[in-house]
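Chain nomenclature is as follows: A, B, C and D, assigned in order of appearance, with residue numbering initiated at 1 for each chain independently.
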Amino acid sequence: MTTTSPPTRSDADTPALDVEGLCVELSTPSGTVRAVDGVSFSVRRGRTLALLGESGCGKSMTALSVVGLLDPAAAVTGGAVRVRGDDTLRMSPAQRRRLAGPVLSIVFQDALTALNPVQPVGRQIGEPFRIHRRLSRRQAREKAIELMTRVGIPEPRQRARSYPHQFSGGMRQRLLIAMAVALAPDVLIADEPTTALDVTVQAQIMRLLRDLQDERDMAVVLITHDLAVVAQRADDVVVMYAGTVVENGPVRDVFAAPRHPYTRGLLDSVPEDSVRGRPLPAVPGSPPELSAVPAGCVFQARCPLVRERCVRERPVPRPAGEGRSAACHFSEELDRA
Amino acid sequence: MIPFLRTRILSSAVPLVCVVLGVFFLARMTGNPVDLYLPLSATPEQRAEFSAAHGFDLSIPVQLWNYLTDAAHLDFGTSLRTGRPAGEMVFDAFPVTLQLAGVTMLLAVTGAVLVGSLAAYRPNSPIDRIASLLSMTAASIPDFWFAVMGVLVFGVSLGLLPTSGTIGGPEIWVLPVATLLIRPFGVLVQVVRGSMVTALSAPYVKIARSKGATPRRVVFGHALRNAVTPVLTVAGDLAVGLVNGAVIVETIFGWPGIGKLMIDSILQRDFAVLQAAVLMTAVTIFALNILVDVCHALTDPRVRQAVPA
Amino acid sequence: MPREETDAPEATNSPDTTDVADAAGGASAARPRRPSHWRMLGRDRAAAVGAVIIAVVALVALFGRPAIGDRARRQELDASLRPPSLDDGVYGLLGTDVLGRSMVARLVEATATTLSVAVPAVLCSLAIGSALGLWAGYHGGRRESVAMRVADVILSFPSLLIAVVVLYVFSPSALNLVLILAVTRIPVYLRTARAEAAELRSRLFVDAARTFGTPSRMIIYRHVLPIALPTLLTVATLDFCFVMLTESSLSFLGIGIQPPDVSWGLMVAQGRQYLQTAWWITVLPGLAIVLTTVSATVLAAWARIATDPAQRWRLTLPKRRRPRSAPVPPEMIP
Amino acid sequence: MKSSVSSTRRAAPGRPRAVGAMLLAGLVFASSGCAVAGSAGGDAGRADGRTLRVVLTQEPPTLEPCEASLTGTGVVVRSNITEPLVERDPASGELDPLLATGWKQTAPRTWTFDIRSGVTFHNGAPLTAEDAAFSIDRAVNSDLACNVEGYVFGNDDLEVEAVDDHRLTVTTEEPDPILPLRISFVEIVPRTTDTGAKVRVPVGTGPYAVGSWKAGAAISLDRYDGYWGEAPDFARARYVWRSDASVRAAMIDKGEAEIAVALDPMEAGKDTTAAYPNNETTALRLDGREAPLDDLRVRRAVDLAVDREGIVDALLGGLAEPAGQLVPPGVVGHSDEISPTRQNVTEARALVERAAADGVPTGRQITLVARNGMFSGVSETAEALQYQMQQIGLNVKVRMADTATHLQYQLRPLPEDVGPIALLIMHGNQAGDAGFTTSQYLLGDGPQSTFGTEALDRRITEAGALSGEKRQRAFAGLLAEQNEDVVQYAHIAHMSGLLGLSRSIRYEPNSATGDELRLSEVHPAKGAKD
């Protein structure tokens, strides 16, 4: 902890973040349920991966497991989360802390509660420098002001002394982002960073995120239920349903030709012309309760293609084209449809 | 901050005036002290003389006026029981209680913040369970019982501590402070724990952790200051309640404090002392309330902007 | 009212549940049957023990007196200070007090008296304090100021002093005792209720009710009270402890329950002079106070979670990983 | 709990701040400790063999000598700081010379006292008859409203004259056979003492002078080297006060005090305690003006209902003696013929039934009023009395009052509209003569009496004028008559005090100890160093 351990520069092939077979179990009234079941994905520096799914599909929990902030009621029961090749799940708390900030960072959706209400924002933004770079208060403040300038806070020097409740929602989100990118992490996880904001501000924030990503060569994991955001911002997409990954691949390919009926359903339900800012569209029916996930395919209850095999056997992700996979027994049929 | 304080002080002055008036009438309701201070067989003339000498023969409004004007000059009259100026007796007794209560609250708050935070950091861990059980038990032990047990066990059986008294080194403080401490400590541990559990699960704590903050930084740098508001409120009210506890402690340990003085003076119908003592306590409580509010304002920037009703 | 603003939204809405609720949202939103309170109680061993103790205390208080007849008052000076033993039947089980009365019977009788003082006192202060507080908090402005100043006046009067004046000088009757305890505790409820009501008055559903022309009395009763009630009830449960201890302190000063009536507090106070010779006289009622209050506290913590839909899930977790919310709500003022 | 904090790994983060807080606490601790010590006078009062440490029940409200008949004041002042002309031997009841060497009745209304020479006050001034005259005048005739005035001397003023330096005459309005006894209550102070106001710290002729009085904490007395009599063994004495009996006992056990007054009877078994009859007598005063107590049979039934042995053994630690009259042995007027009434529930019940049959409302609620702190175990005693009265068919409720309220019930004018009252009283017989008792408690319109009979009143007046053996017989006779025909009092017990005495000292308590604790009679135990 004395100096910033210079990250061993990974070669271009090693993903900045590699999640493999992640399983998270959650204790609920009706017993333990598997909230995240065998989720795998990876993302390189400079790339953006979107985790797409309805609320409750396990995407937030996946994000929290990656940064090690799961609630006590939930626990990781299997899999690996490799950051620059090292499995964070096997690290000691101190080792993990060393990664938090300089390597892994997260932005939450609700910026009001995510900022400490009783600390001046300058101090909060400067905190990563105090923790990891051992800067003095004054130096950290200067860094914070620089960051605030960068994320577009007017009069940053004065505003650094203000408290979160004195900022508007968009400004608070900017502050949160400033804090997350302070140490130019390899991986930035953005958990629905724009849901709480109005549409014009959303666009500004997304632009800011992209600019920062380009500037700092970060890998971004974007958690969202907004198809438009995925289409515009992400390079790759991971579609989640009931705790599992149903489809995975480059956004352009997946959106052009979905290989899973769920993805297909999502895309079909969006009117061609206006996709922006809509909540996740209606696929008939609702996801299964986590305690009652069927033995076979998780999507069987809502699937238009369902047949006897789907009830019996859970499909495993199968390669479905260049860098793509889908967990459907009959994904080929979708092309023909 | 200044307008905040001004409003707060003005609004707190109303209760103060009420207390000053209240104690006057309350005292007068308890009856004439003449019988207590005159020989059993005093003649009616002697009684009348005594009443006149101490102003008890005047009408209530006149007595009240005298009381208020004298009090404005910090003259509280003379104690019937001891013949000393009441103000002097109160000023002698007050620091004793203030020190006792101050040390108690300081230790209670410090201890409760440490123990409560420790318990809240790992909810339901063995440490949490032990701390919760002990604090609940501590909060429900009758204080006089604890005091007498303490004297017998630590004073006599083990011989570690003096049984009582105010003269001596720091060791004389242990039993009185412990007696006064158990309840505020027990209550505060639970309040700290509850409010820390809430604060520690807040998103900003997650964010702090995501910045790589150590548990210490998370607890003391982020959660504590957010959790402190209810703790301060409760601590302020507990501090006010210490006057009651002080009566017991001072009675048992022979401390010449204001709690015992107050009870003695009501039992002896020593109105001058009673009025002075209650006024002093009310002023202290008044000051304490303002102190608590200032602390609130210091710890929470949102409070600073809200001007109190 | 800066001090009452303890409940900033982010402090109370227990944000810790959000992510889990989100993750488990699919599960909890459409949960077909919520687990019964009994089952949840069974899962929390501490709360279950507390419930059993409280139930026993309540039963003893209700039915104990007829069962023991006049045993609690029957004196036998020859049998003074007999230690607990198995030889003298049920009534000798816990020994005798200095007047030769059976400790078993005394404890039973004291349970009834203690509760008959504590329960009405708590209920009175709960009712009056909550009503005033909700009214003040809902209307705000001048009414709120007045109510809060009333609370301040009561709080800045040393309560023991009022108790001494009323109980010593006038009459130390049980009724006066209840009144004193109730009055001195009103500010607690007043403040809590005011804070809750002040927060709720700007909520959408209250606004909606207002625009429909519902009278404020009805809005308070139908919309504000139900939400504030769990917190107020928790405070009341914990206040129970305070009332019993205060009654005990008053007994120490000789102004609590008057003999030949008997309460736990009085027994502890009277028995302290026999600490070295006859421990059972003071330790047993002391234990009764501690056990009852700890049980009430545990149970209150449990009930607070159990009645809160956002937190109920916690109680159903397996023991090892169960997070707990505060056993004492922050609003609780001793 | 705190140790568990610092020994646990997770607490480590909190340590530096915790240490800071502890330091802060320590600082406050230390500074406040100094402040209290400063305000309380510093001296730690260790057992050094030269200081005698006495723990009282309460701080004396004042040390004013003319208030010395108040127990709280007298126990410190009398015979330690100031002395009277004449003192009464608590054992024999005889009067002994003290500052007066002799006295005689020189005229029917006049007594002459010879004042001791060679006595000096603590301020160095020699004692003369003029000082004695001044003191009597100040205590009895002034407007100070001294306690001794009303209690001992009634309302009549005395004529006091210093004939010369060593002779004093006191003249009363009526012949007074026990004037020397009354004079034994007047503490002698120098003529320079304030006559306009009571003094808090007196100057006297006693073996000790007031060294310091730290309000609330302690009073220190220093041996007066110019004392005319035998010098006491201890150079200094310190008084402290604790209101809880168990703490006083603990202080003896712990060696923090040599003498502790008024211990709980439960402590009587220890060898560090000494019991002594304290001249106090408890009784139930029955208000004969209110039904059902206006019926002699009911009052007699109450007297028969009381289980004196039971109360004494179980509640008073076996230290008291069942009583049958208001004055204990050793007091002039005590009758050896009277034996305490034995409990007889059957007879008592029969009496109540007979009264009820005659239309006496025996079911009317009687209030049994007692005073908290009257003696150790008073509330239990009240409960026992209530139970015993209920057993014979009366309806009784207990009311524990504070001193002031109890006084309202005790003194004329008696409270109106309170129903029948059975008042638990404790009568002090420090004066040593039944004359004081009867005029207060038995005389029909006595200040502390609810009713009487003409016959009894006459006998009281007659007896008061007698002296010697006749006086003794007259009072003994009328005390018996109260038990036969009046029964205003159901006597309970002649009480005992219990003193805690450290093993390092020797002291023989006597019946006056509770009012007058003579430090000069306390000696180091054999073998203990001086």
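Assume a contact is a pair of C-beta atoms (placed from the backbone, for glycine too) under 8 Å apart; a residue touches a chain by one contact, two chains touch by 3 or more.
All figures in this text were calculated on a predicted structure; none of them were measured in a lab.
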Result of counting contacting C-beta pairs for B-D and C-D, higher pair: B-D
By mean Cα position, the chain sitting nearest the middle: B
Whole-Å gap separating chain C and chain D, where each centre is the average of the chain's CA atoms: 45
Centre-of-Cα separation between chain D and chain B, whole angstrom: 35
Centre-of-Cα separation between chain C and chain B, whole angstrom: 22
Geometric centre distance via CA averages, chain C-chain A, whole Å: 46
Chain B residues counted as touching two or more neighbouring chains: 30-31, 123, 148, 152, 201-203, 214, 217, 226, 251, 267, 300, 302
Multi-chain contact sites of chain A, meaning residues that touch two or more partners: 71-72, 113, 117
Per-residue overlap in chain C, given as positions that touch at least 2 other chains: 8, 10, 15-16, 168-169, 272, 275-276, 321-323
Complex contacts: residues of chain A adjacent to chain B: 67-69, 71-72, 97-102, 104-106, 108, 110, 113-119, 127-128, 131-132, 163, 165, 176, 179-180
List of chain B residues in touch with chain A within their complex: 123, 201-204, 206-214, 217, 222, 225-226, 299-302
Of all residues in chain B, those that touch chain C in their complex: 4, 8, 11-12, 14-16, 18-19, 22-23, 26, 29-31, 123-124, 128, 132-133, 136-137, 139-145, 148-149, 152, 183-184, 187, 190-191, 193-195, 197-203, 226, 229-231, 233-234, 236-238, 240-241, 243-244, 247-248, 251, 259, 262-263, 266-267, 278, 281-282, 285-286, 289, 292-293, 296-297, 300, 302-303, 306, 308-309
Interface residues, chain D side, partner chain B - complex: 1-2, 4-5, 8, 10-14, 17-18, 21-22, 24-25, 28-30, 32-33, 35-37, 39-45, 59, 61-62, 64, 143, 145-151, 154-155, 197-198, 200, 215-218, 240-244, 246-247, 250-251, 253-254, 256, 402-404, 407-408, 411, 440, 447-448
Interfacial residue positions of chain B with respect to chain D in the complex: 30-31, 33, 35-43, 46, 49-50, 81-84, 89, 92-93, 95-96, 99, 102-103, 106-107, 110-111, 114-115, 117-118, 121-122, 127, 130-131, 134, 148, 151-152, 155-156, 159, 162-170, 172-173, 214-217, 219-220, 251-256, 267-269
